[in-house]
Amino acid sequence: MMRLTTKQTTLLVLALLIAATPFFFPSAFYFRVGSLLFVNGVAVLGIVILTGFAGQISLGHAGFAGIGAYASALAPVHLGLHPAFAALLGAALSAAIAYGVGRPILRLKGYYLAVASLGFGILVSMVLSNEAWLTGGPDGIAVADLGLRQALGALGLKLSAPEFWYFFCGLCLLIGAWLALNLYDSPTGRALRALHGSEIAASTVGVDVARLKLQAFVISAVFASVSGSLLALQNKFITPDVAGYMHSIELVTMAVLGGAGSVLGAILGAGILTLLPQVLTVFAEYEQVMLGLVMMLVMIFLREGLLPSLLRQFTGRGA
Amino acid sequence: MSLLSVEGLGIAFGGLKAVDNVSFSVNPGEIVSVIGPNGAGKTTLFNMISGVYMPKSGKVKLSGEEVTGFSPHLLARRGMSRTFQNLQIFQNMTVLENAIAGFHLREKGSVFADLLGLPASRRRSRKAQAGARELLARVGLANAAELEAGNLSYGALKRLEIARALALDTKVLLLDEPAAGCNAVETEEIDHLIAEVAASGVAILLVEHDMKMVMRISNHIVVLDHGVKIAEGDPATVARNPDVVAAYLGTQAQEASHAHG
Amino acid sequence: MLTVEGLRSRYGRIEALHGIDLHIDSGEIVTIVGANGAGKTTLLRCLSGLQPISAGQIIFRGEALATTPAYKRLKRGLAQSPEGRQIFTNLTVEENLRLGAFLFTDDRVDRDMENAFQMFPILKEKRNLAAGGLSGGQQQMLAIARALMGRPSCLLLDEPSMGLAPILVQQIFDVVKSMRDLKVTVLLVEQNAFGALSVADRGYVMETGKITMEGPASDLLADPRIREAYLGI
Amino acid sequence: MPELMQFLLSGLTVGAVYALVALGFTIIYNASDVVNFAQGEFVMLGGMITVFAFDAGLPLPLAALIAIALTAAIGVALNKLAIEPARGAPVVSLIIITIGASIFIRGVTQLVFDKQLHRFPAFTGDEPIKILAATILPQSLWVIAGAVVVFVGLWLFFTRTLTGKAVLATSNNRLAAQLVGINTNWVMTLSFALSAAIGALAGVLVTPITLTSYDLGIALALKGFAAAMLGGMGNPKGALVGGILLGLFEALTAGFISSQYKDAVAFVVILAVLFAMPQGLFGRNSVNRV
Amino acid sequence: EIKIGATVSATGPASFLGDPEAKTLEMLVEEINAAGGVNGEPLKLVLYDDGGDPNKARTFATRLVEDDEVVAIIGGTTTGTTMSIIPVAEDSEVPFISLAGAIEIIDPVKHWVFKTPHTDRMACQKIFENMKKNAITKIGVISGTDGFGASMHKQCVAVAGDYGIEIAADETYGLQDADMTPQLTNIKGTAGVQAVLNAGFGQGPSIVTRNYSQLAVGLPLYQSHGVASDGFIELAGAKAAEGVRLPGTALLVAGLLADGDPQKSVVMAYKTAYEKKTGSAVSTFGGYAHDALRILVDSIGRAGSAEPEAIRDAIESTSGLVGTTGVVTMKADDHLGLDLSAFRMLEIKNGGWTIIE
């Protein structure tokens, strides 16, 4: 077919945006904001898979971001691992923990699942802030340098730190989006969306509902973990806030705001909630008021989330 | 050997024995209908056979192997599929995707292949899609393939469920009121479809209140009342059974069934 | 009693009703038959105010209903037993019925409930159980009984016989007939066209969002086109 | 064991606070399946408005009444301006609206009032009451009594009144609710008013104990939510029992095991309970036949 | 025009620290500009609210240096936010004066990083000195699990031995907890405890104090400098707070300072101006911001230039600058410039502060 598939279009749009916007950046600060957006985007993609596709709500995903972040901080110090491998270790650890935790809690539905996952997230952030001997406590801990920037520099590709993290996180986001889009239209993705619609019907067509939910949970935990690692590595410093429930709620909000079922939409949501505080600082003490207002207005007028609602307006059907 | 057999199946809700000691069997290519008044326990029987409810007593056997209380996806793997009296549609998906979901067991592979979009995964998806389109055509929904399933009318949804249930390599098909919400002509189309499926060697268990249809296509009829089997036999015998007439058919319907029996 | 003129309605961009005209006189029983997706349910949803209309008029007892919100239409006398039954699954059978008479607090509520129980004794047996546990047919009975609890002067029934055992199908049509004595107007949407046309005074045939035929029920019942397309005879 | 008694009294105090917040969740949830994330802000408003009205010289009871009435009005406004216009939106979208509302209310509060901590005097003094070698503050008794009264009120509302049933019907099936003549918009408005008033009442009762500030709502809402889920969402009995149990777990853990991990232990207990009873202690298993 | 940047936690869990900090900075910059600015140039303050989120703080710090191109940064209301700003300041070589407590901020010394509040370790030392004087050797500690509480707890544990003090009971509470009687009951029940120390800020210490009185523990109660504000007495209730001791700054007892006290005029001036401007009582925390800005302005003045490097050097050579916390004299190996004498041991008597040394 000559026509691009939705997947190809989405990836192309995303890649173009990541590559082209730096030309319009007035200062290096924008690279920082961009890279934060991408970091959040990676975590939100996990929410898209878990919540948008499979319909399972988690209010504890920041817990996995915390695991990824602290693995990146601690493994180099205590295990002598290179930070990159530490991040991978974090992802593996998150996957393993998600597997263990997911089994019991995914039997719960709706708000009960939400509160159970919330409990998990709080548990993680408590351990991170109470076990100060290991984690540095509530005030956080320093993180080793990834070293990739220097390596690239040696190869002749000289980037400032914000630039490097912008492109590196952008690349990670692109890969994440590619994976999520692959999943959407695959047998597994369809089965996930099916069990979202009706668990009983899904199981009568042969979907192993428990197992599939667990898979989605594990995959989304890995996304969150990678996001946490990226944040820790680029900040070179991390505090337990990364695992806090506010962050979990923020991730879900990003996904829903942009359109939880849509990959590009959720990234858009991450973008809005990342950029908004930067834009709204001009309102000084009115910042919170504006933030709350924007969130409400988006959801009132674009009730299925920004992107799906807009697409529906333009094409008469959903994304 | 019968494909599906049920032995002494029973379940209770609170104090109510919704199904009590029911036994029967279905052979390949055979259409067995379960009829009975509202609340007789037909749907509950289906729910036990298909693994939605755990029976309190009795056995379900598939090709001689006991599968009592197996979860639905395990039964699906053994060739059982069903439709629902209360529609269970994947509302958030298109009509086509609903039908493709029916092919889940055939199209699924490893998650990693799916995540990476490996050619094998895409190939399986394409195959399932082709199969799904064929099925949609068979139930008359070819034109609706790209619509969101939530946009279909009731009768269309009913047929979509049938398509989805047919997608698997079904050996045993459970249909719970497939013709509800369809008019006489539409019902007849469904009739043909069911007969065709049965002819291909599938064992069909049917619940339906449309007596014309039941009398026309059943090889064997089981009558439930208050959870208990009160009669069984071929359509003509059952239709004449005074208990069945009194509890279920009523006089008018009996006339109708004679007219076509 | 009820007049519909040029009624159009759409789901998003797709129009489901392309200008429906029909009228029902007081005390009449009128049926609508039509294939799956013809728009019967959509029409009833419009009449009850559950579905926005994009053009046309609904005049009920001399008043235009277009802007009347759904919940006020029962007060005007318009009740519906909807497609898919739409019972309150988490509430008990009795609570469902009581809510059917939400607008009333007089003694008649209890009497009406007794009547409902008489009509469908199984509901009395299950009065204190969650309605979600009822069998399909039992839920259908509940939906019809609940609509009657609202003391309608015009009753809209969307496939009331669906999922009911033959013996009850007869009974439902008897109930419909009995509405005539109670001076309740009935608009009956049915797939069981034979049964519906047998009790109705007049009938309409609907195809893809339009009325294509109308007339006295007996005429329609005898019409060969109808017999072929809807009765399968 | 005098410690045990003290731990129990502490747990009861804190538990009653959670129970009051959890009770506030029930009405809106029962009307719409929405967990109102701004519920904590209602509690905060109850406290803050009372503080400022009291500081302005009004007698405490009047200040409290004003706070409850104003908060109820804000609840109604929230429904009319944000929830009702979004009618038909998926439940998650509505939840995000309530999160937005909570941020908004917090923002306005810090503008109108300030960002400092506040309290007003306990209703009946600070003289501790001795119970078996342990002590409890009189205000704790007020909170406990408040929780019980609100519980009884809600329980009667949902089981004995037609309006209460109409609320349940609205969330169970909004379409059918309209068909039986229920003005579902009005039900929502009523629910927001009642929930907000209960929240504000909670704020009035607990502020002498917990203090208040513009951002106190988040933590309270979180605990209240957990308590409500433990008991079974939507059931007043669940809210009361869940709240008190949560408070007791925390106090007993802090007393006997580790004060650092008391919240964690509380959550682990919740997980264990949900594992055995996926609908919470008193949550009804909604029957949906297939 | 000289651009200086600030990111403080004007909202979020530390807002009652960050809010007076923000207001103080705005007020002082206005004052300074009205008086002709620094080196004849007006100051421009770019102020961001990080909400107490370290990640946001880092982003705003980046924005301050990269986008706003400020010559120095004040801020980091909490240790967490401060620690995440530090790498930005160090990388982009901009002087940074923190308003947070933990000793890690300046120990080891970081080239570009300074701070104004006493360290938490100093607070512990000051308290222990007083305990020693009162022959207290065995204490119970209860601390908040937040950054401030945990960090101070750690420092107190580290230095307790120096004063011959044994920590016999050790409890914690969460930032938003409503009742601490179980923890206090355990401390009360620990044999031989002679005093209790509470490390924490926010509502926790008020509730601890109230519960302490409810349980009639009857031992001396020490609080940290994290509660040093008039609000504390009001929140805890004068009766419950009676007898509470804590290390505080001159600001809190401005009126009680001896006339010859070098800090008197500075704190009175700040107090009067702040209270007139905002209508609310001064807090110690606003004082930290006051001192930071004073140090910065003084340094820019002495440096005669608004180059970051020059400013940094000038800050490091700050000497005898009178602030609200004390008299500041920085050195290359001391980026705080305060000693224990700058702390005043205060006790609450009859609902007001008194100096007990």
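A, B, C, D and E label the chains in the order they appear, each numbered from 1.
To be clear about the criterion, a residue touches a chain if its C-beta (ideal position, glycine included) is under 8 Å from a C-beta of that chain, and two chains touch if they have at least 3 such contacts.
The structure presented is a predicted model; accordingly, all values stated were derived computationally and were not measured.
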- Note on the structure: Note: chains that touch subunit D and subunit E both are A
- Note on the structure: Counting C-beta pairs in contact for A-E and for A-B, the higher total belongs to A-B
- Cα centroid separation between subunit A and subunit B, in whole Å? 42
- Message: Can you compute the centre-to-centre distance for subunit B and subunit D, using the mean CA position of each chain? Integer Å is fine.
- Response: 47
- When centres are defined as mean Cα positions, the distance from subunit A to subunit D in whole Å is 31
- In subunit C, what residues contact two or more other chains? 133-136
- Item | Touching two or more other chains - residues of subunit A | 130, 200-201, 285, 287-288, 317
- Item | Residues within subunit D bordering two or more other chains | 110, 260, 263, 288-290
- Query: Can you list the subunit B residues touching subunit C in their complex?
  - Reply: 13-14, 36-40, 42-44, 85-87, 151-156, 158-159, 177, 180-188, 209, 211, 247-250, 252-253, 256
- Residues of subunit E touching subunit D in the complex: 10-13, 15-16, 19, 145, 171-179, 181-183, 185-186, 189, 202-203, 206-207, 210, 213-216, 231, 234-235, 237, 239-240, 280
- Contact set on subunit D toward subunit B in their complex: 288-290
- Message: Per the contact definition, I'd like the list of subunit A residues that touch subunit B in the complex.
- Response: 178-179, 181-183, 185-191, 193-194, 196-198, 200-209, 215, 219, 261, 317-318
- Task: Please name which positions on subunit D make contact with subunit E in the complex.
- Result: 3, 6-7, 9-11, 13-14, 17, 110, 114-119, 126, 128, 135, 137, 206, 209-211, 213-216, 219-220, 251-252, 254-255, 259-260, 262-263
